[in-house]
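Presented below are the structures under discussion, each in the form of structure tokens.
Both complexes below contain subunit A, partnered by subunit B and then by subunit C.
The block that comes next holds the complex of A and B.
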């Protein structure tokens, strides 16, 4: 079974992939799990992979053709650099953390397979009273979807939370959350077994010999020869701030809001903003470009007159 | 998590092992080697190794001195100096860090001090990326360091222990690099069996140097200026002879390791080679993907096989030539690039085969640069080329593995970066 998690830095998708991995290992299965990300940063797209099998796993790195995709943040679905649905087939199940109805999403997304969705963020908040815990909820939901038991799933949570320094109350809240998330996901149909035997968990899986790789000549699969291109194109330079096709405003979890009556126009935020997302208006007061602002909140912390408020982003 | 807690939680599951990342496996290797001194400097994707060791030292789980330095150059200077004082030394770096400390690699090898340096492979800037290819470790190929390249997290741990035995053997006495791939091993958890400390200690007794061990009662100058080609030639060529000795010593150590721990590591690893006609040569973590491709091709009736390069220094030319001579065709997949030349290990494999009368057609393939995936269709294309080469057709070599879909994706990225339409 191949499971791919997509989220933003800080949402705990690496931990979710490990909870699933540890749960499966507890069940006596062979596991390989790994994250991939760029320069670590809250809000930036991240992915993590968990492979589960009955015997040694002869795969490495990214999962190109997942059986289950877990999307922690629905804004990723429409971000051109994240591409959480890449490699989907009609057999792939997609689990999305969203308050939007699954049928409505199915219509918006060009995905032929099954989509399940639930508002895990609200579930997390209602039990832990924080936004921490999405890793538990989605890791356990994935475990339920691939057919692991509640006991195995809870063992996975216990294994991974042992690495965190949680208060007893927070730990117990996570256990309750795990049970609720399991019950929610257990009501859905399980993810179908992969077609190849090597990573199938069911006894009756087809032998590997019957599996063809991508059919010869399938679109995009032929090798190409790179050609020389002029340096103006083939040097790794990039326009700063946003380019027309990539807005980093979606990375933001908290929005800085200037309370103008408290601002003395000292320009500290204008100077310190690492993204150049703060300009000055005609009266020389700061003006935030929310299309660019990644929500690092340096402006909030550095403002000498405490003129910024923050507001949780709701998308 | 503390090492004690980790041990406690692992109790009762030794045979299945436990889920460890490649970085954690490297830290376990250092711990079981009972190292004395760990100079450290952080760099992604290596940092988890020194963080883990720092925690274990702070908790008193391992009796080593842990020191943070101001750069990799200082770190390697401290490592070499401590090893020259007779300490067993462990340190780790990656990519730009290895290059920043590069001058010291040659110096330390010349001191003939047997420390172990773990390198977590990461492609070199520019442009900057974090995932693996082998231009970093292969840049060190002429330094005099021994080089062991690991395919799995288990092999990382085992190779650290074996590297100390090899490096500290009186017939060798050279420092060693153990390589693991960033991300595909460093951050990847898979089942790893951690040997008992007592068994590891029996395999690797304490380091007892008598050639380079500065003590208060025995002042000694090491690595002094010789200022003559005569003396330089003598000492530098001793490194070559010590490296060649390591070929035989490694096989002795591997046999003992297998007897004690049940896991056998050769200079090279043959996979499905007995009757193989079409053979891939690969190293490190992506060799796992190569093995999967071999099995897939075999299920379709092609006699495919793979030779994994594990010990790169010393270069086991005879073992490689023996394994490849007489095949229908061979492709060396290099996860590295020497611009203006091609794949690095291809050149060395070709040289190993040159004086063999039954040398096969040999193709050079560049794949997995910067950690780019090598997909099934790319392996299929390599085997297709091998069959054409065996039939006497002219085949492009070196060849980069890059698909049309990736080409299209790259055009999109260039557009996002503001490069405008394709000219």
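The block that comes next holds the complex of A and C.
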């Protein structure tokens, strides 16, 4: 079984992949799990991989053709740098953490296989009162979907949380969360066994990057051909001060919203925005550039008059 | 040959005197809530656009990724240990160009090293020592997030006692996580007698701005250690980045100070210091000091260290006045 997790840095998908791996290990299976190596960036798209089999796994590297895809953040669905649905087949089950129902997503995503969805974010928040815990919820949900038992799943959670030095109360909340997430996912049909269940050989076509597996015309994809140019010509073309073109606004999970009547134009948010994504208008009120605002919410937290509201991003 | 030294610029008194123009633009790939970027962004408002940034490998590798650059200014990428040497080369080249009349002297182009603590406290120690010893006319901005952040938070010699990193995990043999104390880079650099040396915090923008303004009037090594609150490595919610930086100052853990001509002045003395716990508690890297059982011995050690520092500072202050 090949499971690929997609999330944003800070959402715990690396841990989710480990929880699934540990749970499967407790079930006596052979397991491999690994995250994509990259710079650890909060908010940026990340992926992690878990392989589960009954005998030694010889396959290595990224999972290009997964049996189950777990998407922790719906904003990733149309993110060209993430492309969570790359490598999907009609057999692939896609689990999406979203408040939108599965049928609506099925239509929007044009995915031939099965989509399951649930609002895990609200579930996590109602039990742990923070968003920390998405790793537990999605790790366990994935375990249920690949056919592991509740006991095995809880063992996986226990094993992974042992590294996190949680308080007794936080640990128990995670255990409760795991049980609820398991019950939720257990109601869904299990992911079908892959045709090459042994994973004994490098059965995949071994593409070196997820991009290679992206179907042409997948949502958000745009392939740009870079022509070779001699360095003497190519290097001096580096532009200055052009990062705003990168639109890091897609990283945002919560949007800061200024309530103008509460703002006293004190400059605090403008000065303290680490990105420099806030400018001041002619009356010195802040103007947030949502194209680049990463949604760190320092402005919301530091505002002396509490003039910012926050709103969950839905894309 | 460099441009003539400009007179010291008058200090600012409030936030609204900070420049509105941005010199490091948004859209970079560094983490949301990065305290290091906030510090550099504020510094750049003083440094302006006539700058050459010498960027040592580290988290800030993510600032300028081809074909993008956030800098209004030039940029050169170096190895973790080589930024100060590169700064020497660039400074020399600029001086030669000015001498030949190919670069206007009044442009007064500044050379600015940007390097993390892994680079600054560990790998670049020798190259930095050499550049400062030679009296190189340059700026050095060390964004200190107290670990090798970009590669996944490994211990550096700037990691404080008691913090957990991926290479100093908590175990029965190392209950505090990191058992080394943080290297005192400020004193090491002070012994080199640089033209200017200061610590800055992203949550004290007026203090930070004034230090850069003050250094602007000086020729020679102008060195800054910038506390860089790090949501990813220190494990707190990004929105608390400025708050965590503030708590570091309020608890006395991070001292805001400067050194001109060998004498150290504290630019902000927290009169009623908050207990260090208030800083430590909100960060996952210290969670093991509180849960599942309280490590009183470690907490006491950290508090005592801070108390001793400020007692010594008070004594030194009394002696010099």
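As a working rule, the second predicted complex is superposed on the first by the 211 of 315 C-alpha atoms of A that agree within 3 Å, B and C clash if a C-alpha of one lies under 4 Å from a C-alpha of the other, contacts with A are read in each partner's own complex, and residues count from 1 in each chain.
Definition applied: contacts are C-beta pairs under 8 Å (C-beta built on N, C-alpha and C of every residue); 3 or more make two chains touch, one makes a residue touch a chain.
Since the model is a prediction, treat every value here as computed from it, not as a measurement.
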Checklist entry - Once the shared chain is lined up, is A:44 touching subunit B (first), subunit C (second), both, or neither of them? => result second
Checklist entry - Can A:22 be said to touch subunit B (first), subunit C (second), both, or neither? => result first
Checklist entry - A:260 contacts which: subunit B (first), subunit C (second), both, neither? => result neither
Checklist entry - Which of the two partners, first being subunit B and second being subunit C, lies in contact with A:306: first, second, both, or neither? => result neither
Checklist entry - Counting only touches as set out at the top, which of subunit B and subunit C does A:176 meet: first, second, both, neither? => result neither
Checklist entry - Is A:289 touching the first partner subunit B, the second partner subunit C, both, or neither of them? => result second
Checklist entry - Is there a shared patch on subunit A that both subunit B and subunit C touch, and which residues make it up? => result 39-40, 163, 237-239, 243-246
Checklist outcome for this item: Contacts from subunit A onto subunit B in the complex sit at residues 18, 21-22, 25, 28, 30-36, 38-40, 57-62, 64, 80-81, 159, 162-163, 198, 208-209, 211, 213-214, 216, 218-226, 229-230, 232-233, 236-239, 243-246
Checklist entry - Where on subunit C is subunit A touching in the complex? => result 15-16, 18, 20, 22, 24-35, 37-38, 41-42, 59, 61-63, 66-74, 149-153, 164, 169-170, 202-203, 205, 231-233, 238-243, 287-288, 290-292
Item to check | Contact footprint of subunit C on subunit A as seen in their complex | outcome: 9-10, 39-44, 163-168, 170, 237-248, 251, 266-268, 270-277, 279-280, 289, 292-298, 300-302
Checklist outcome for this item: Listed in rising order, subunit B residues that touch subunit A in their complex are 1, 5, 9, 16, 19, 44, 126-127, 130-131, 183-184, 187-191, 285-286, 288-289, 291-292, 295-296, 299-300, 371, 373, 375-378, 380-381, 396, 399-405, 407-408, 412, 414-419, 422-423
